[in-house]
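Labels for the chains are A, B and C, by order of writing; each one numbers its residues from 1.
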Amino acid sequence: MPRTPSIQVRDLEKTFTLHHQGGVTLPVLERISFDAGPGDCLVLAGPSGTGKSTLLRCLYGNYLASGGSIRVRDGDRFTELTQAPEQTILRLRREVIGYVSQFLRVIPRVTTLDVVAEPLRQSGMAAQDARDQAAAMLARLNVPERLWALPPATFSGGEQQRVNIARGLIGGHPVLLLDEPTASLDADNRAVVVQLIRDAMAAGRCLIGIFHDDEVRAAVATQTLAISPVVVDKTASQPAFA
Amino acid sequence: MSAIQPLLSVRNMTHTWDGVHGCRDIDFDLFPGEVLCVVGESGSGKSTLLQAVSYQVTPKFGSVWYDTRDAGFTDLARLTAAERRMLARTDWGFVRQNARDGLRMQVSAGANIAERLMAIGDRHYGDLRAVAGEWLSKMEIEADRLDDTPQQFSGGMQQRLQIARNLVTRPRMVFMDEPTASLDVSVQARLLDLLRQLVTDLDLAAIVVTHDLAVARLLAHRTVVMRGGYIVESGLTDQILDDPQHPYTQLLVSSILQS
Amino acid sequence: MIPAHVHPAAPVERDPHYNFGYLDESTKRMLRRALLKAVAIPGYQVPFGSREMPLPYGWGTGGIQVTAAIIGANDVLKVIDQGSDDTTNAVNIRRFFGRVTGVATTESTRDASIIQTRHRIPETPLGKGQIMVYQVPIPEPLRWLEPSETETRTMHALAEYGGMHVRLYEDIAQYGHIATTYDYPVMVNGRYMMRPSPIPKFDNPKLDHSPALMLFGAGREKRVYAVPPYTSVKSLDFADHPFTIEQWDECCDVCGSTNTFLDEIILDDQGTRRFVCSDTEYCAHHAAGAEDKKEPAQQRAAAARVDASTIGHIPAGAAS
């Protein structure tokens, strides 16, 4: 019996226009199409610089798609992300689509515990309950308790990455985008993250991720989408920016 | 699912001081609990936009609608001056760049904070003082400074006092004109963090005018970029900063010195 | 209309070179219109065309213009200054009206139909049909807060009076109590904030629901305002710091009164002091009535009666 997909992408395109470099256009994504549903872990594969991160950012609304469609399952219907008003995208980020970025953007003065608790607070949970859940998640990821009351600015790359993962996973979003979540982690912590990913898949969440580590990829992938670099036809003329 | 009603709607608004300089064709909505940053360089018209939207001047053209507590979604031009002033003192806040312009410098911090409450009829000295004291600690100022005048405060403290003075009536919307621009860099971070928390805790909607993209990144859900009086681009803050479309926005974003 | 025991004629001869009441008829009409408007809007400051008077600003030109506009041939005029009928200003103003109207004058509060005053309300309760005219230096209660006239007018129009309570809050924060003791701001008819002129706060309660008509004139500032009879006049305060009036441990040395406003008089270089009623007419009247009883305290007071006109008079709480 076919499952209803959580996310449906058709002919997604993304081209950057750099107005201050002579208006040069950089096509990065072309004709990307896929479906992913609950329990899936779709791995984006391809050489670096081919737009895997760009694809994730388009799915999060962080980059504007230049063409094509991204439909996200929103309750009992689908919402077209590329046409959605900003308030809808903000709501989808709160309720439907989570994102684990490659680098943690640090806000000064906010403690690690509060960074991780924030998605729960945003969905209305009381402060103490949110912090309790955040503590549990951080413990699972082996982030030492003495760090919880500190802002993550001075943490190591691996510690920051784990804080990022905790924040991304804690909200229970049906769709989760992961950009190199294990890049800075040692083998033990990689294993923890793999387990967390597996738990999420078992709970019916749909994951789309970039993993540069072959082992991790093998451990979690249910689908793979190869992204090849866009071939620019150099014989055709480059349109100047209009 | 029904759409949420905007708190503030600006349509086709134009306001110029001399027929030339100001803001033109401004269109945007602000939703409850949402922070909108208006980003632009000097002369972009962003301060004029703020003044016109908050009806400190009557816009020359266009309309501003606000979801009032009593009468629902109303065109502000239809309110009397008295009603607008009452709105400005209770349901709105206005934080000025220079704290001195938004405070009574000769009067104690406690009186500065409690004034709005006294203006709406609160008459118990003990309660007023207690509320003022609570707000002082919320703004991370020591409680024993309650009877000191703002003359004796540092710039950062004065700015935090100004904010408390505006928030004491629990407004739903706050206008801020370059709230950190007059402060030292080290002090700015603290103020921005405080603002961030307050916006969340009090479910505040805010329009923040700034030339500093870092302020937008930290505080705002959505951002509009102004140039030459017009809005040239608008969208989610992270999208504007990470994937700017308009040439001017790209120039602005690429000009930030990476720390 | 004039009671028999009132002086039948003014002590000064009527000077026929002046129009009745000194002001010309058109000016009196303009003032009356302004006063009617003031009475119609209790506590609201009405601008008027203040005229050149034969005394400088600061000496009661506003009060004199108001009296001049309303006084009629059958009126009986009392003039007091700091509660006394025989201080220089009171004497001069009474003489002035004698010269320009020939109207009967009196020192008795009960017998007067118009009482012009600087800085006090008489202790004798006022009755229906009497008019008090107050001399006002600064009519605007918000002037200390806001120097701009357009802005204060807007604040009155919109009833934006929060700033005034800021002043009271500051007093309590600084001194533990509200420090204003004269010209204490009041709310009239629940709508306009008003300055009752520099009367001590002791007198504020006399304004509330008085049977008399209260008219206020500020000559330099060119404003008149009014409190009609039986109007609510409430002194500003806080729920937990209610309005209170002055109290003395002493009673009046002359008449023994314990419930009037007392002046403190220094008698000699050693600082010997006496407390005497500020309202001289009330004091004399009260003392005369009590002399029959021959109480020891009053006998001593009668024996050492102070002649206020010969000793330096330093009233308590006076504006300098």
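As a working rule, a contact is a pair of C-beta atoms (placed from the backbone, for glycine too) under 8 Å apart; a residue touches a chain by one contact, two chains touch by 3 or more.
Fair warning: this is a prediction, and the values are worked out from it, not measured in the lab.
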{"item": "Longest centre-to-centre distance from chain B, chain (CA-based)", "value": "C"}
{"item": "Middle chain, criterion being Cα centroid separation", "value": "B"}
{"item": "Centre-to-centre distance between chain C and chain B (centres being mean Cα positions), rounded to whole Å", "value": "49"}
{"item": "Distance between chain centroids, defined by C-alpha means - chain A, chain C (Å)", "value": "79"}
{"item": "Euclidean distance of C-alpha centroids - chain A vs chain B, Å", "value": "32"}
{"item": "Complex contacts: residues of chain B adjacent to chain A", "value": "1, 4, 31, 34, 189-190, 193, 196, 200, 218, 221-222, 235-236, 238-239, 242-243, 245, 247, 250-251, 254"}
{"item": "Chain A to chain B touching residues, read off their complex", "value": "16-20, 57, 61-64, 75, 86-87, 89-90, 107-110, 121, 241"}
{"item": "Touch list for chain B against partner chain C, complex", "value": "81-82, 85-86, 89, 104, 107-108, 110-111, 114-116, 118-120, 123-126, 128-129, 146-147"}
{"item": "Residues of chain C that touch chain B when the two form their complex", "value": "157-158, 160-163, 165-166, 169-170, 172-174, 237-241"}
